[in-house]
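Presented sequentially are two complexes of subunit A, the first with subunit B as partner and the second with subunit C.
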Partner chain A sequence: MTTGSSFLELVSVQKSFGQTLVVKDFSLTVEKGEFISFLGPSGCGKTTLLRMIAGFETTSAGAIRMAGVDVTGKPPRERQIGMVFQAYALFPAMNVFDNIAFGLKIAKWNRRQIADRVAEMLSLTQLEGLSHRFPFELSGGQQQRVALARALALRPQILLLDEPLSALDAKIRVSLREEIRQLQRKLGLTTIFVTHDQEEALSMSDRIVVLDKGRAEQIATPHQLYNAPASPFIAEFVGKLNRLTMVRGAPHTGELDFDGLKVTANSSLHGGHEGARLIFGLRPEAIAFGEGPAGANRLSAIVEDVDFLGSILRLKLRVGNEILFMDQFNNRRNLIPERQAQVEVYFMPEDLMLLDESAGTA
Partner chain B sequence: MAPLKPQPLAAWAIFGIAAGFFTIPLIATVIFSLSMKRNGWSFEAYRIVLSDSSFIAAFGYSLAQAIAAVLISTLLIVPAAYWVRLYLPAMKQWVEFITLLPLVIPSIILVFGYLRLYNSASWLPLTSNARSTDALLSFGYVTLAMPYLYRTIDAGLRAMDVRTLTEAAQSLGAGPLNILIRVILPCLRGSILNGAFLTLAIVMGEFTLASLLDRPALGPYLQLIGANRAYEPAALAVIAFSLTWFCMGFFQYFSNWRRGV
Partner chain C sequence: MMKSHWHKWVRDWSGVAPFLVFSALFLIFPTMYLIVGAFRDSHDHFTLANFLGLLAPEITGSFFVSLEISAVSAILGMGFGFALTWAIAFGGLPAQLRATIVTFCGVASNFAGIPLAFAFLASVGRIGFVTSGLRHGFGIDIYAMGFNLLSVGGLIMTYLYFQIPLMVLIFLPVLDGIKREWGEAAQILGANSWQYWRHILFPMLWPSVIGSAILLFANAFGAIATAYALTGSSVNLITLLLYAQIRGDVLHNENLGFAMAFGMIAITGISNFCYLQLRSRSETWLR
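Moving on, here comes the complex of A and B:
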């Protein structure tokens, strides 16, 4: 059965363990060559979904199609997938060559073809010269590269990555995620990546599926997800967020009361009932020092704390009774504000994201 | 609370008593085995034992039985333990209970049960000829070795991430048999060798099954020599002890050689 141009289709997929429904009515279409991330907190169902695509878990309802073929009931070995696991899962009694060659031997490639393909994979994953090493003789990053080479050797239809970077240290994680993305682009390989690390998902993905309690909360590009979150959960889960409760002042001007200060939201928020409580999100990087351009919301704040994060300076500001976090790029020419110093900051009305309009009347 | 003071003298005394408990009888046996000739020490008892064709035959027979028991046990227990660990974890306690039964059921009961079930007048007359009785004896040894082999293999499976390795192999197109032979079995080499050594030790000294099934194994031979000779049984005991240590060394060598498994 062929359905449109999508390469992987999940149609109303459900999964329950006993009475617990862990994946609820999940649908997704993935184009060929797309890099999709499943992002969510622990227990949101992202790994279960990946395992259903791989065939390690059966679906309780719904269908999974790969390249137009229904694979819902097929065992993993018939799905032509490549999978990389968080714990590497290299075969401990085999050296690097034999690990990469494993799938090729099962598929009964001849010796010459296997040697050529393994050499190609070693070169692709920059593992030349390590083919005779055993897994315990390799670093975590090298082991995960071998796992990647092994998964790619059989030219899978889809590459499934189950938190492959979680067990690695910070520096290796960053370099390996760039390598994975480059490889994926080079091979044009449809890839599903499971992670709980939003930075990984934002930096690597064409699209991100944010899951919560077994449901897809939003499926969007990283840019859309960060700048136009579909729900308060996503706004708070993806990136750091200031959560502000404001009271609608003059509805016709969009004026809001923020702890006794008058601020304005963008024109889409004009109207509504005076006195209604609204919950807004404001990204820390949307706040800046100074008075800003005309129309900016200006605040006078006390610096409560300063976190130096290298490239970023994160300030904890107190405005009245509210706490705001503000991110600034580190600039060695600027002085770091002292604690308890009074500072003038501003943000633009359009940076306020309305999270909840049903917070009642003040 | 005051820190515990080291008690080197007491510790060494306990160690000395324990070491003496094991080594003094051994040294006495070695000395006795070398005292066959009145005018000094000699290897005469060893020469007599090793030149006795019955000893060589009994030793060879028991060794062959031990190898057969190890092979059958491995073929039986590895897939069973793997399957239970992966797909039937709830059954694990029952399987462990069953594998412990040979330790609580004496071999004499086991062999009488065999004789009742497989005598020449039964529906499966395994004792009707020598070859099928040999097979019955091998199965008996498999049963006796099961508590030890199952535990060593299960410990080996516990030491690796069986589920993820299985899933990795499945994602690469492997079926259950390929996974078991190519992935799981090589990782269990150390455990199987460990269990094989224990099986060897059990089979080489076993008397009850071999005697009551009337097979020419080392156990009945040792009993026969012990009942009729003076110095040769001591020499046989030293040989058996040396063989045990050789097997332990052999196992150690191969388990160190297993390359990070």
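Moving on, here comes the complex of A and C:
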């Protein structure tokens, strides 16, 4: 990846449909060769943003620049963009070859050049031998490969993908997402990938933009996003999270009351009002069996349920009146706890993420 | 073993039996009777003379008039129907209006015979309210200008009343199948609207358009009630001639009547065959 060259810039972009503001003051700088995901719940404005970048939607305010050039008012065909849609976007009356060749024919390439480029695209997307098939003769995964080949044939500056995998079944989804990522790295292609699947975003992206109600909640690497979520919304949206409601004890001690148990949080959380209600997030994998090192918060729990997810064991624990989920790597040497068994677990104070604080007395 | 086999056979076939009996009695046997009759003379000997008889000017003339009215009303119905369907599908109409138009088309496409003829006579007939309204209100006398409802042109206009809605009904599902993504994909690959039409939509739509027009043609070709109610026998349609033949044997040759019917069946059959071919062609893409 070449660094320092901001390739795509969105500056305070807004979009309203009638009275409703769908994208609010959105700014983003994408570097050449970067893989960015737009992640967010349904209706948060991901598609609208992507369509603004493509030029299918006008911007109500703000500017879009590509390679330093303002493209805000330009039609899609002048933006040198490749786009892959969710589904059904292949031209149905054309075979694979003609679908991929379409942009080249419009650009008036000669037959020889077209044949060469299409062959190159077919091999790039592992579609050799399928060039005479029609879209209805292809599987969903193959159709999306053709869509990818068609989008890449003109060597676009930027590739936009709007939930390209969501119509496929789980297995193909995973293998195709790896393939797309490899291809993107190989071509050094600046890419924006829209998804509402957090696992997809975490596994593929250089950076993720989490959107909520038309606003960018956080723009960060998958690591940062998961380990240091900027807001309670993100903490809960990305990954699985336990919510723990605690009541603050004497401020100087940093002690907290968790359903009658004494718990300590990170020193940055000391202070504040005694009796305040605090809501913490705790990742399931931050909980472990045993006593832990000094300073760990130790809990006695009852195993309510054990969910075997292959590489991971997800345990549902009852601590007093609260439920906690705990993830543990599966290891054939470990014993799987019985239901209703009593277990001792711990977590470290620094793993508590403060989500919300209210002054109300308990 | 044998018994259960027999039971299964009865169960599987009893449901469709009334349909099979019905079609045998009123479609297959009459058609066969008719086809055989077309190749016989009055002494039940094989002959091709009946088909030579079709070349009589009265009969070729009525075939020609029927073909003309059917073809013109099909082409016009296709054209206007296409435009209307396009407006319904992509014109951004309120959903309510769209539903209303579609319902109206469902009714209008089946509107034929005496009620339809009456509606046109009452509005644009010689003393119809539109005719007299134009004459008294604007001083325009459409009959003096050469218009005549009881003519080939008038009949075509009347047929359009059910041809256009029929086109809408056949064609709306086709246009509804057009995905927004096709247009956008074409656009982003550099195509302008003309190129999108030329390379994407046209190859996909023409079989359906032509197929629909052929269906309209067959629909008009077989129509008789509207023409009879409207014009009596002043327009010389093949269906009207055949009808007169059946009632009064104006040609004094039953077997010649069979040959006329055979000719009509051939034309309708070929039309339907072409329609089905074209439809299945576009359906493979769009499924």
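Just so we're on the same page, the second predicted complex is superposed on the first by the 351 of 362 C-alpha atoms of A that agree within 3 Å, B and C clash if a C-alpha of one lies under 4 Å from a C-alpha of the other, contacts with A are read in each partner's own complex, and residues count from 1 in each chain.
As a working rule, contacts are C-beta pairs under 8 Å (C-beta built on N, C-alpha and C of every residue); 3 or more make two chains touch, one makes a residue touch a chain.
Note that the structure is predicted; figures quoted are calculated from it, not measured.
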| item | value |
| --- | --- |
| Subunit C versus subunit B on the shared subunit A, clash or fit after superposition | clash |
| First (subunit B), second (subunit C), both or neither touched by A:F91 | both |
| First (subunit B), second (subunit C), both or neither touched by A:G103 | both |
| First, second, both or neither for A:F289, with subunit B first and subunit C second | neither |
| Listed stretches 60-68, 132-140 or 222-230 of subunit C, narrowed to the one that overlaps subunit B | 60-68 |
| Set of subunit A residues, in rising order, touched by both subunit B and subunit C | 54-56, 75-77, 81-83, 85, 89-94, 102-103, 106-107, 134-136, 147, 150, 154 |
| Subunit C-touching residues of subunit A, taken from the complex the two chains share | 54-56, 75-77, 79, 81-83, 85, 88-94, 102-103, 105-107, 134-136, 147, 150, 154 |
| In the complex, subunit A residues that touch subunit B | 54-56, 75-77, 81-83, 85, 87, 89-94, 102-103, 106-107, 134-137, 147, 150-151, 154, 160 |
| Residue ranges of subunit C in contact with subunit A within the complex | 179, 181-182, 184-192, 195, 199-200, 203-204, 284-287 |
| Subunit B to subunit A touching residues, read off their complex | 160-161, 164-165, 167-175, 178, 182-183, 186-187, 189, 258-261 |
